[in-house]
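Residue numbering begins at 1 within each chain, and the chains themselves are lettered A, B and C in the order written.
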Amino acid sequence: MSVTTDSSNNDNAFQRFFRAKRGHSPFNRMLIHLALIISSIIAIYPVLRVLSVSLRPGDRLLSTSLAIIPSDATLNNYFVVITEKDFMLWLWNSLAITVSTAIIGVIFSSTSAYAFSRWRFPGRNTGMLFLLATQMIPAAMLMVPIYILAVKLGLLGTYRGLVIAYSVSSIPFSVWILKGYYDTIPRDLEEAALIDGANRITAFYRIILPLSTPALSVVFLFNFMQAWNDYLLARVLLANATEIWTWPLGLQALQGQFQTAWGQFAAASIMVMIPVVALFLYSSKYLISGLTAGGVKG
Amino acid sequence: MRKQILILSVLLLAVMMIAAQCGGGEAPAPEKEAPAPAAEEKAEEAAPAAEEMTITVWTKEGEADGGLPFLQSIADAYTAENPNVTLEIVNKDVEVLREDFQTAALAGNSPDLLFTVSDHAGPFTIAELIQPVEGLADLGQYVDSAVAAVKLDGKTWGVPASNGNHLMLLYNKDLVPEPPANTDELIAMAADLKGQDIIPLVFNQTEPFWMVPWLGGFGGSVFADDGVTPTLNTPEMAATLQFMHDIKFAEELIPAESDYDGSDTLFKEGKAAMIINGDWSVGGYTDTLGDKLGIARIPQVSATGNWPAPYTAGTFFMFPAELSGAKLDTAKDFVSFVTNEENQVKMVEELNRLPALKVALDDPAVTENDLLKGSADQMVVGVPMPTVLEMRCNWDSMKPELLAILSDTKAPEDAAAAMQTAADNCLLTLE
Amino acid sequence: MDSLTLDVVVRSISEVGGTVAFIVVGSIILELILFLIFKVILKSPHTLPIMLLGPAAFGMTVLIVYPLLWELNLSFTNMSLRRFGDKAQYTWIACQAKPENINFWLTDCLFKNYVDVFRLPVLKQVYFFPVFLRTVLWTFINMVFHLVGGTILAILLNQPIRGRGIYRTFLILPWAIPQVIAVLAWRGEFHFEYGFVNLMLVRLGLEQINWMTDPFWNFAAMCIVNIWLGIPFMMVILLGGLQSISSDYYEAAEIDGASGLQQFTNITIPLLRPVMTPAIVLGTIWTFNNFNVPFFINQFELETSDILVTALFRAAFQYNRYGFSAAFAFIIFIILLLYSIFYIWISDGLKEVYE
């Protein structure tokens, strides 16, 4: 669980901690379960409602029934979305763009973060502050200039434009997370390797990266989520290229000025949730340690 | 585990590289979308008509009412006849289309044709983004009211493809055998319906688009005769607001809070007897209600004897200012193809919209369809929706005050005055 | 229509591969140039970190710095729909002011857009400061609930009970699903007639609430949705923090006879501070700049529910006040920047006290 090298020690400490000090009486345990169950229901209920809309025949967004599975449930909406729309194409495009974005983003931010973590070079603090500052730029503000830039560079309507834009926009957050994480890895480890004749890059590759798996997974996950869910950038950068539309653009087409095909919209929503949720669950064991280790130094 | 991931990613990368090599020739393909400004256009001007070309059409037509598939099918038919022309039909929601077209024009990268609502003519002409269509189509063959909807500064800025987009009264014949002729009848009918636990009337209470018909019924208009000066602080507006207030709080004709989807659902489920909605919704109601669906005019305002006047508009083709040469000719040809008699009749049958082409109005598909007859009858008393940019200020000023009236927090006279102030302030920001 | 065929798959893989190759080759060239400049010519001791940073810095310059400068330039112009586009009809706001009128020249010419943000309505009727205060209130309420909710859940999840993994999975879900979809789902739940919330209120024998038209309740609805969305992030961060606190502290405290509450305030809170500081800074910025929740929950476009970013969006795209909205955006940006510098400065100071 812990990031530092003596993780086995910590784990034991953990177990001791739980067994010895924090055993609960059955009544308290029941209360804890109750609280967690209620919270869980609140957390998943809206998703269940989306599921419910997707199973309703017709475009009935609304219903006074609170049943999750309607009595006249049908999978027709899923069928229509998959067979009659280009939904699978959109999903595929999203997947291709998202995965390559996440990989490239991880490569660039892992090296940059290493520079920030291990060297004191001129402009280092300004650089970190600048990275934080980019998080404060309202996204809508950059749309027009980015579009103009893409037109000038011939990146409009290409995978390339979108992948580059996503990779770059994910760098600041990734660097922050990774830099914090690298800071917790003792320098002695690399220095030992350097004495053994390895150079800086090998040391980084052989020692730092493997130790940083949790943080790297978190960064991968964040980049993936950001690219997967983005609508604004895709809208301006893909514009006319319907053959490489990502799913948020496709779903937008299901919404009209006044009318929306809610059943299909919901069915598609459920399907796009699956990859992210799966990835989230898979990496959740890293999520906790990867995100917080940067802040914990004692 | 880590090793596996590493190997996997290296493998993946290798596959991609190889694929990139093989597909190298294809890779830049999408760049044909990228701007190929002056040079390409010149080449096209000189080239013979059979040259390969791509026409990009941005449309507000979406999936929900079948508009997008319909346009796509027409485009496919056109491509079948003209194999050298590729038509890229791109859906953009109404507001998105406007924002994106402005952005694209800013970068000198407009699409080749727009298929959108009439009110976009206002902003687009002010920014000089579209060209007048006088020389591009024979406007005489289209219904006059449709052409009038996109007339600004003495020029016409769009070729109409459908006419209408107007509100009307749709009723459930099981619950209302005969539609009310005037508001007194409507109110009398309501008492009866409420007794059966049926909501008498629903409509989207959140948009002033649903209020302006009544304003017309009370003899008012949002602009003075010059068409650009807001006239919102008028006795007619106050009377309209009072009426909106009364049907909600005094007569309880309409539910407490109702947006588009809520009204739509209530009517589809048979819990509401009547709905005021646009021609785009007719198809959906025909699917759910079948023969039980009836269409009539929005009832006459008893106090004045006037018919409410919904805004009419329709869908229009607009030509970006930069379009010229062979592309313009092709775009022109495609527009006349979409609006020929055969395709207009097809549109009537598939989308239940009234055609913009005069001859199509005499087709049996229109004359023998009760629903369309009702829709056409409503349109007779409609007025073209203003397309000037100033209208945006009017919409935005009316909306919060309408909401205040419908939540019973403001007196009608105060709301009307507040509308006027807001509109006047808004006009200043348009400079 | 395009559909997913093997052809398409092969083509897109090759394009994606091409993109990756393009980026890799580009980076290598960039690295070589950097190496030549810094190592060979300048003989800089910082060559390696500069090379490590190179590709990211290059990308950020092109994609973030350039657009920012473009916006900065725009913020001094009079661009609007009437002076639009590459016809270059818009210019820096110029006016003839006498030299002695330097103040007038600053406020009504050079910085006119910036000053206008404060002296004209930013929306139809609402001025800057009410929107700003509402944004601060919005951020504050959300952060308090995120922290409290996140802490409670993290502590509950840190208890030795069965099924923690399953609970954690469910509780993370609001974070995992695409935000727009979650927000649209929630909007449905606040529907007057059909929404879950009002249906429950009726079943409990209470009055229905006008979630969409009543300014207070609409704001409340926005907060509820955003609290729901934001708790998992805090929960995960704090859970990580809790798990890293050694049990020795608690054992020692127990021996000293400290109560549970005392342990919480004297051990847990101070030791969580290092993980909380970055989380709070980021959380505040994200909440302050949250667009989806206030924009989509405020279906009726009540001006009383707009926060700064949604007001900015409306000014730019609905009213086409390009020059004005660029200035507006920079003001928001500067506010957040000052806040972050201030907060980091304060918390760094605190850190020294604790270390």
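Observations on the model:
Basically, contacts are C-beta pairs under 8 Å (C-beta built on N, C-alpha and C of every residue); 3 or more make two chains touch, one makes a residue touch a chain.
In this text the structure is predicted, and so the values were computed from the model without any measurement.
Ranked by distance of CA centroids from subunit B, the top chain is A.
In terms of Cα centroid distance from the overall Cα mean, chain C ranks first. Inter-chain centre distance (subunit A to subunit C, centres taken as mean C-alpha positions): 15 Å.
One simple way to say how far apart two chains are is to compare their mean CA positions; for subunit B and subunit C this gives 34 Å. With each centre defined as the average position of its C-alpha atoms, the distance from subunit A to subunit B rounds to 37 Å. For subunit B, residues touching at least two other chains, in rising order: 30, 106-108, 261-262, 265. For subunit A, the set of residues touching two or more other chains reads 61-63, 103, 144, 148, 158-159, 242-244.
Counting partner chains per residue, subunit C has residues 1, 13, 15-16, 18, 20, 191, 193-194, 317 touching two or more of them. The touching residues of subunit B, when paired with subunit A in their complex, are 2, 9, 30-31, 33-35, 56, 58, 60, 62-65, 67-68, 88-94, 96, 100, 103-104, 106-109, 111, 117, 204, 260-262, 264-265, 268-269, 278, 280-281, 284, 287-288.
Against subunit C, in their complex, subunit A makes its touches with residues 1-2, 10, 13-14, 16-19, 21-24, 29, 32-33, 35-37, 39-40, 42-47, 49-50, 53, 61-64, 66, 86, 88-89, 92-93, 96-97, 100, 103-104, 108-109, 111-112, 114-116, 118-119, 121-122, 127, 129, 132-142, 144-146, 148-149, 158-160, 163-165, 167-169, 171-173, 175-176, 180, 200, 225, 228-229, 231, 242-244, 248, 269, 272-273, 276-277, 280-281, 284, 287-289, 291-298. Interface residues of subunit B, counted against subunit C in their complex, comprise 13, 15-20, 22-24, 26-27, 29-30, 72, 95, 99, 102, 105-108, 123, 126-129, 206, 255-259, 261-262, 265-266, 389, 392, 396-397, 399-400, 403, 406-407, 422, 425-426, 429-431.
Subunit A contributes residues 58-63, 85, 103, 143-144, 147-148, 151-152, 154-159, 210, 213, 235-236, 239-244, 252-262, 264 to its touches with subunit B in the complex.
If you check the complex, the residues on subunit C that touch subunit B are 1, 10-11, 13-18, 20-21, 80-82, 84-87, 120-121, 124-125, 191-194, 208, 210-214, 299-303, 317-321, 324.
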